[in-house]
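In this document, chain identifiers A, B, C and D correspond to the written order of the chains, with residue numbering beginning at 1 in each.
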Amino acid sequence: MKDVLTPTQAAQKVKDGMAVMVGGFMAVGSPNRVIDALVEEKVKELTLIVNDTGFPDQGVGKMVAADQLQKVIVSHIGTNKITGEKMNNKEIEVELVPQGTLAEQIRAGGSGLGGVLTPTGVGTVVQEGKRVINVDGQDFLLATPLRADVALLKAHKADRAGNLVFRRAARNFNPLMATAAELVIVEVDEILETGSLDPDEVVTPGIFVDYLVRGEVQDNG
Amino acid sequence: MDKQEKRNLIARRVASEFKDGDVVNLGIGMPTLVANFLDSNKQVILQSENGFLGVGPAPEPGQEDPDVVNAGGQPVTILTGGACFDSATSFGIIRGGHVDATVLGTLEVDEEGNLANWMVPGKLVPGMGGAMDLVVGAKKVIIATEHCTKKGEPKILKKCRLPLTATKEVDLIVTELAVIEVTLSGLLLREVAEHSSLEEVQEKTEAELIIPEEVGVLK
Amino acid sequence: MKDVLTPTQAAQKVKDGMAVMVGGFMAVGSPNRVIDALVEEKVKELTLIVNDTGFPDQGVGKMVAADQLQKVIVSHIGTNKITGEKMNNKEIEVELVPQGTLAEQIRAGGSGLGGVLTPTGVGTVVQEGKRVINVDGQDFLLATPLRADVALLKAHKADRAGNLVFRRAARNFNPLMATAAELVIVEVDEILETGSLDPDEVVTPGIFVDYLVRGEVQDNG
Amino acid sequence: MDKQEKRNLIARRVASEFKDGDVVNLGIGMPTLVANFLDSNKQVILQSENGFLGVGPAPEPGQEDPDVVNAGGQPVTILTGGACFDSATSFGIIRGGHVDATVLGTLEVDEEGNLANWMVPGKLVPGMGGAMDLVVGAKKVIIATEHCTKKGEPKILKKCRLPLTATKEVDLIVTELAVIEVTLSGLLLREVAEHSSLEEVQEKTEAELIIPEEVGVLK
């Protein structure tokens, strides 16, 4: 039985200076209510690990605009001009990572691997500062594990045991991040009784989840 | 030929490259247009790197599903037989060579098959998103681009000057003027648009083109 | 639309000397009809990549007994004494790999990674012949990718597009192997019309699958 | 004390180590017995490395599901709230530190916390299966074993002689005679069985035991 938090209670688990993973791809599959609460709580100096910085008024973009971030580890910032401006003004440090490498780094962090070797980025600026490891004549970059203090995720449904299922393209980084943070908080559209999900349909087992938050669909009344 | 006609010409020609059963990832922007020209007699399965296979056309207005968007964030549909997955699986599909072709726009491409399409230092730094993985992982990399920049300068260069997206990965370049294959000996001119000429294509291309005995017509 | 083969047709795709991955864990989730046909076809000198060699009369154990294997890459052979005997008699080369490493090697082979760094096996005989890579002060073993010519798998249901779902503990190595072989043949309990599976419930997308074979449930009449 | 009583004693004591909410993987053989002694007031979630969480008791005869077996191949059930996954995910859970405790039998264990339980060269080479990953990945490694071999020789050694499963990973050793904690300074005797004595435990243990002021009673 996982405890259900309000968005504010969830946001209060995030402390200044923490490393935070947030699910979502261009704000699809982002925990929007928790993000709104985080902005209200004015938590700051966060290191954000996220696919992209969304839009100035959507998803984690709101946290960029509210000056809550010290650093972003991210594959794309092109849809949020504010990120680029703050990067140029040295208000935010931006570490750009190829999307597939970012996914593997998070998966490695969650699954106890010391890293993975990827061909992506060889011969580009991405290679700078990375270890190059040659396997059978081919060069690969060593992508090291990423972990966070908190993961803030979005799922479609959860049961009371914390088992999660996702919907369409809203799955993206959410199941990966669920494995790679000390504390995992999941905003969900619907909370079901345990036993409502068949074990075969569960995407993220409940053991990865610490708290649930009700999303907009259930809680707009 | 106005801008839209050019783009349609390019997209139609790119679409003709695919075989029945191919898995294809279309980049953001002009490459997305390619979907409009797929041969209905062939089954081409579109992959969207944000996490699904079986990308279908845009939904009717009012029928948009907020969870079903392509990698550019535009509302699309998922065709019957499609499948959804997480980002690690998505890039496992891409990096693992399970995508037969990817179509991308570019800022620069050169005679070695290098390409640069993700940043202009000091100006434009959107990030590479999934482009670096797609270019390294897809079996065939097709560049769909206008032949020159807005200022009329060549985009097809002897050597890329901008930071690279990947080295030696481009297989084919399709523009409104020509179809050019990247070979180990250099850029091989395959087709010239019927409204253009060998001379115009070479003039607007910085790299020297290899001209075979037979050059097809791009139309 | 994937073609449906008979078990014999499927077995005939496997040629002498090939590397073959076979799904299953102690014969649960093994493609039993295809294995039976392989034994009948007397295909030989195979390199088998599999979690375990099952039992002498179940799963891939039948292939061991029928002298069809030159080499086995495997995590466990304890339930099939014949494997151990043939290993001691040098009739089969046995490469023992920790189960989690085997899973990652197959996943790496299917997802274009040059390898992964695992802490498993450091300081044991598993380390012999492996590259040791130190990351942030900790030693890891480099596990390199595994691929095969053919994967012979078992799923619960497939649609005509080849999308697969698995059942309970019969999932095991099957989804991983589906990504890591040139030719993928899947024995299934049930073949459904395309559209019968929700895209969110698909575990292995149809693009990984080349052929389907009807399993025992449907075809015992 | 017959063999079954010894095994039950060990299993009961191991079961008392778990906290509410713990995720536990029980090895094949005696460790599986631990499931019979779990405190019903605590929720302990059992993981089976062949691919699921929520291992339940053996089914009624005739109710076996061929697809629901534990890692030893025995028919079990999946409890409400369980979840199934593939082998990479299963070992991601294990290697990633998401298993709070694993319970394994052993051939040898030593004062540095090394263990050897997967092969006897020239005799028994079953393979390591999931054991090496479990021992490296689980937060707590509990060895559940009879104190001596069938021949009456110590299994708890100064230094393992058989090929290791992993180095310095064992946290706790539970036998029918004693509970021993592996510390940086050596083996710390925590409990002695009420039917045994300090002297018997030390005599049957090759490694020297550290005896604290208070030693508990194992019963």
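Everything below uses one rule, namely that contacts are C-beta pairs under 8 Å (C-beta built on N, C-alpha and C of every residue); 3 or more make two chains touch, one makes a residue touch a chain.
This is a predicted model, so every value here is computed, not measured.
Asks: Any chance you could check whether A-B or A-D wins on number of contacting C-beta pairs?
Replies: Of A-B and A-D, it is A-B that has more C-beta pairs in contact.
Asks: As a quick test, compute the distance in whole Å between the mean CA positions of subunit C and subunit D.
Replies: 29
Asks: Rounded to the nearest whole Å, what is the centre-to-centre distance of subunit A and subunit D, using the mean of the C-alpha atoms as each centre?
Replies: Distance between chain centres, rounded to whole Å: 35 Å.
Asks: What is the distance in Å between the mean C-alpha positions of subunit B and subunit D?
Replies: The answer is 55 Å.
Asks: List, in ascending order, every residue of subunit C touching at least 2 other chains.
Replies: 104, 107, 112-113, 118-119, 166-168, 171, 199-200
Asks: In subunit B, what residues contact two or more other chains?
Replies: Residues 52, 78, 84-85, 88, 91-92, 94-95, 136-137.
Asks: Please list, in label order, each pair of chains that touches.
Replies: A-B, A-C, A-D, B-C, C-D
Asks: Would you mind writing out the residues of subunit C in touch with subunit B in their complex?
Replies: Counting only subunit C, the residues touching subunit B are 107, 110-113, 159-161, 163, 179, 194-195, 199-200, 202, 205-208.
Asks: Any idea which subunit D residues touch subunit A in the complex?
Replies: Subunit D reaches subunit A through residues 23, 45, 52-54, 78, 80-85, 88, 91-98, 136-137.
Asks: Okay, in this complex, where on subunit B does subunit A touch?
Replies: Residues 48-52, 65-69, 71, 73, 78, 84-88, 90-92, 94-95, 125-133, 136-137, 163-167.
Asks: Using the touch rule from the top, collect the residues of subunit C that touch subunit A in their complex.
Replies: 104, 108, 112-119, 133, 135-136, 138, 140, 142, 144, 165-168, 171, 199-201
Asks: Write out the stretch or stretches of subunit C touching subunit D in their complex.
Replies: Result: residues 25-26, 28-29, 51-52, 74-79, 84, 87, 94, 96, 98-104, 106-107, 118-126, 166-176, 203 of subunit C touch subunit D.
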